[in-house]
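The same chain A turns up in both complexes below, where it pairs with chain B and then with chain C.
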Partner chain A sequence: MIELDTEHGPDVAVVRPRGRLTMVHAADLRAVVAEALADGRTRVVIDLAHCEFMDSSGLGAIIGGLKAARQAGGDLRIAALQPQVMTVLQLTNLDRVLRPHGSVAEALRGD
Partner chain B sequence: MQTALEVTAPAVDEPARLRALEMLDVLHGGSEERFDRITRMAQALFGVSAAAVTLVTDSVQVHKSQHGPMALGDGPRETAFCDHTIRDATTLVVEDATADERFSHFPSVTGSPHIRFYAGHPLTGAGGHRVGALCLVDENPRTFTDAEQDMLAELASWVQRELDRTAELDSAARVQRALLPRCVPTVAGYEVAGMCMPAGSVGGDFFDWYHSPDGHLVLTLADVMGKGLPASIIMATVRAVMRSTTRDGDPGHALTEAAATLHDDLERTGRLVTLCHAQLDPARNELRYADAGHGLMLLVRADGTAHRPESGGLPLGVLADQTWTESVVHLEPGDTALAFSDGLLDLYDGTLDSLEQIAEVVRDCVDATHLIDRFTVLARRLGVRVDDVTVVAVRRES
Partner chain C sequence: MSRHRALRGVSPFRRVLVRVLVVLTMIAGVDYLVWRWLESVNWSAWWIAVPLALAETFSLIDVFFLGLTVLRIRQRGDAPPAPADATVDVFVTTYDEPVDLVMGTARAALAIRHPHRTWVLDDGAREELREAVQAAGIGYLTRSADWTDRPRHAKAGNLNNALLVTEGEFLLVLDADQVPAPDILTRTLGWFDDPRVALVQTPQWFSNVDDADVLGSQAPLFYGPIQQGKDGWNSAYFCGSNAVVRREALMQLGIVGYVRDVERGVTRALRAAKSVVARARKDAVRQGPAVVAALDAVDVAVDRARTELAAGQPVSEITQRFQQRVDDAGRDVVADDLAQLQADLAEIEALPSGGGHGSTATLTDDVVLTRLAQRDWSPLGALESVKALVTSVEVDRADEAQPVMPLATISVTEDMATAMRLHALGWHTVYHHEVLARGLAPESLGAMLQQRLRWSQGTIQVFLKENPLLQRGLGMGQKLMYLATMWSYLAGFAALAFLAAPALYLLAGVQPVTSYGNDFWVHLVPYLVVSQLLFRAVGHGLPTWRGQQYTLALFPLWIRACTTAVGNVFLGRELGFVVTPKSGGDVGPTWRLIRPQLVAAAVLVLAAGVGVARLQLGLATPEGTYVNLVWVAYDLLVLSILLRAARHRAPLTTERTRT
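And now, the complex of A and B:
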């Protein structure tokens, strides 16, 4: 359900939730991000290309990941948002603290 | 242990027992995994033809859960083993039903499924009333050791915990409902109405309203991230903190003050809260509001045009030292302002396209109460709600 891809660099973790990111998988996402940070991978990108739905618990898990990454001296970025996820982000004004990036590569470059 | 000839008069308050059963709210709705896993385990553990969780109503025995090669049918209470089990607080063991006058004539013994062995441990509802049993049955007679009886009682206590949890949730739901406004506030020239329906017994949504000392009406609608009991604990906290903030003046200030108080709690529990806090000034016909990532507001003008008022800041629990500012909407006669949780969108297609359909309901309704009733009916019609549904409507009279 949630893949961890560590091929983009020694300090990079790309986290890929698939399907619906809801209360059911929110804890898994938090755990995967925590694991990556503990591993010294403080540049975290959540690749949402295959996540077609996210509820407030999913969003909460991502914000939790963002806080943890910043505490570890790194950052968390989000990429390839699907329409529903984009709507949730905009409705809550969270696009101000989590700027959506077009792709994982763009997120890593900071575009 | 009872002897075969002993006549047991059920010394129970039957109406109270039936109320206790009803309150558990497990009679309807079919099988549930939380009970099924226990009957599966019991059947495998004891190697019997079937294990079941039964409930005894005024007239019948209902199998809430059963597992095993022998299929047990619901049937009249008079010829149900479990009706005997609930007469006593101890485990009932029938090693061979054909040799026991109490049971040898039961249709389930003389005919299919030909029960010979039975062991059942009673389950209780509120007030300790015995409402059913965890039972084992077998097509062959068998002995049942003290150690096995202990094990069955242990498993029954597990079923019991599940039943108690239901009862506890029901009390929690009653407490939470009592935290919602009981009556509709009177505001000259305005109609105000609201509703809150949790998806489960309890939820993370709430709305609140009260008068401020300067004669304004303060309104709050909030959606705590997540669902169920954990969200409901935060809901009660957020409501209390919001109530204790300044009631006069800027809703932005009130929200900023409340957020500062709540931040540590939200941070530690990893929760976000979206919230809309408003003040209705009926003299100036102004609705001043501060928005914490809620965004789901709709203003439907008397001429039918609808739009979402501008939305403000971040949800609560994201950043420390966050501030919120107020926005103002001027209400003309016949205008309706609506705030709602995203659960309302789920009554339609779940996307923002639903806003137009929601606006259409507003145009179609004669007053705020009618409007809220329409949403309530719609929410009830949806059998399984995945999210809490909360709506507050303020309408300036024409």
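And now, the complex of A and C:
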């Protein structure tokens, strides 16, 4: 359900949830991010290209990941949001905190 | 009493009757008050006349709120059938209740019929309880390590912790003493067919209370016409236990709250940082140009961050850039006054991040920020404190155990605040009027007082921190429903006037009302009669006298709740919150708990005697004396419940009957 891609650099982890990221998988996402951080991969990108649905628990897991990454001295960014995910991001005002990046590459560059 | 007795219904006739009486009460009440204020306030004794008129105004508004609430009484029938595939977590929350009591509830929770997972949330982290719970095949949860040295937020924190490690679509929340019926989920889950419904609250009903209910534990008016009325306004409250909640609604609340707190926190921290820098800047010239340059650079960084925030840039990026700039600014500065710097660092270290049980103070509180901003820092200490400020309100919310707090933590009564936020986001709530769990009420006066104190403090906290009238997203009816509950806790101040006025007349002839003649009766009697009829119609067949007694009799408690809540919210003082003991009691009558009321009663008795003597001596008029004697008699009748309460002993056994 959730893939961890470590191809983008020694300190980069790209996390790819597939399908629905809901209360059922929220804990998994937090675990994958924690695993990446423990490996010293403190620049985390959540690639949402294949995530067609997210609920508030999924958003909560992303915030949890952001906290963990920041405390490890790194950062967490989100990329390639699908329409439904974009809608919940705006509905909860979370876009006031996290910028939705167009792609993983853009997220890594920071634009 | 059968376990599933649906509580008393409301006939269409009574509904019409209530509406008519509400209108009549308002007409008679306004007439009386207009007469009171315009024609009968005895201005020569204004110091009691005005408080009395204010107290009477308070009461009329209270009646108005009750009328408004019951105007829309909603009587629901059965819920639609429960969706078979709904996943549910049942949470039994405990802090220090006896293991047997918790296990009784946990086993009953396990036996609930709809498929679910049962968890005991042990905030006391007791080994003995863990063993018992796990032996029974029930999930056992304690706070994660993240909570160490951070505000624990009492029960709200306990639930928030559990929300992160469970995954059911719905949660049933039960206090440790609330034994659920096996069909509690089957009877309620169907209401969630409406996707807008976030919460279904069922009544709290206590099995260890007899018909006399000396401590006034049952709340038949609240878990009845009042909640049903609020339901009609889509404002049924969450009462902390015996409720089913939709996880998505709570999590959404958590996310929205996170964003709000981060934005608010960063805004405040930057404002405080600005003044910290300004104060340090005055002193910096002596420390050399490097220090001046560093402080100026931080000042610029603060301004830029504030501009970016105002422009709507994502906060995570603003704070990251800001910290980078502050780090860069401080790089070239070397501390020359090490002792002063050490002192500053110690002060920063000591900033509140922990706090005791029930503490809600964090670095983002205005009180703390003000203290921080007013302190004189060494220039380097100023740099450090600016960094500490902004780190603490960073997007990772390092001052809190969890960045996302689904249940509101602004108050010791998390339930009301949470319900209000749900309503403000557009969610609906349901009051399901059927007893589906049976609990234990406090068994001693002391425990009862502590519980009431906590409820009232919590309610006033919510009023002060998130005034319902100012909440966007709430409808006017909803705002008034929340205000109604908060309003009722001001009763303590009104009670002072209601107790003092007759005593003053009888003792010293001080008359707050210009006449007790014809005019007085013409205006008062209709109001008294229709408002009493309204109470009778609303509380039809329910024992409401206890509630009426305690509303007046607990006046010192309500006043204390107001003053401590104000002290807590505006001055950062502790509330003095203690978890209510649910079983057992102290030994011996607990007179000291009701000393102010005993004094009041003694003064009233004395006043009655003096009043009669003054009448004999021709110093007072008969009508004035009689009116005030009746008034004193009523006050004494109300206060008399406390004599019984102080001597009240719980039944020897608290064993539950399960039939």
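Criterion: the second predicted complex is superposed on the first by the 111 of 111 C-alpha atoms of A that agree within 3 Å, B and C clash if a C-alpha of one lies under 4 Å from a C-alpha of the other, contacts with A are read in each partner's own complex, and residues count from 1 in each chain.
Heads up, the rule we're going with is that a residue touches a chain if its C-beta (ideal position, glycine included) is under 8 Å from a C-beta of that chain, and two chains touch if they have at least 3 such contacts.
Note that the structure is predicted; figures quoted are calculated from it, not measured.
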Fit or clash between chain C and chain B when superposed on chain A: clash
First (chain B), second (chain C), both or neither touched by A:I63: both
Which of chain B and chain C A:A105 touches, first, second, both or neither: neither
Partner chain in contact with A:Q71 - chain B first, chain C second, else both or neither: second
First (chain B), second (chain C), both or neither touched by A:T87: first
Partner, of chain C and chain B, that touches more residues belonging to chain A: C
Partner chain in contact with A:D95 - chain B first, chain C second, else both or neither: second
Against chain C, colliding segment of chain B, chosen among 2-10, 92-100, 110-118 or 236-244: 236-244
Overlapping contact positions on chain A, where the chain C interface meets the chain B interface: 23, 55-57, 59-60, 63-64, 67, 91-94, 96-97
Chain C to chain A touching residues, read off their complex: 164-165, 167-169, 247-248, 251-252, 254-256, 258-260, 262-263, 312, 314-317, 320, 394-398, 402-404
Interfacial residue positions of chain A with respect to chain B in the complex: 23, 30, 55-57, 59-60, 63-64, 67, 83-84, 87, 90-94, 96-97
Complex contact set, residues of chain B against chain A: 223, 225-227, 267, 270-272, 274, 293-296, 311-315, 317-319, 342, 350-352, 387
Chain A to chain C touching residues, read off their complex: 23-24, 26-27, 55-57, 59-60, 63-64, 66-67, 70-71, 75, 91-99
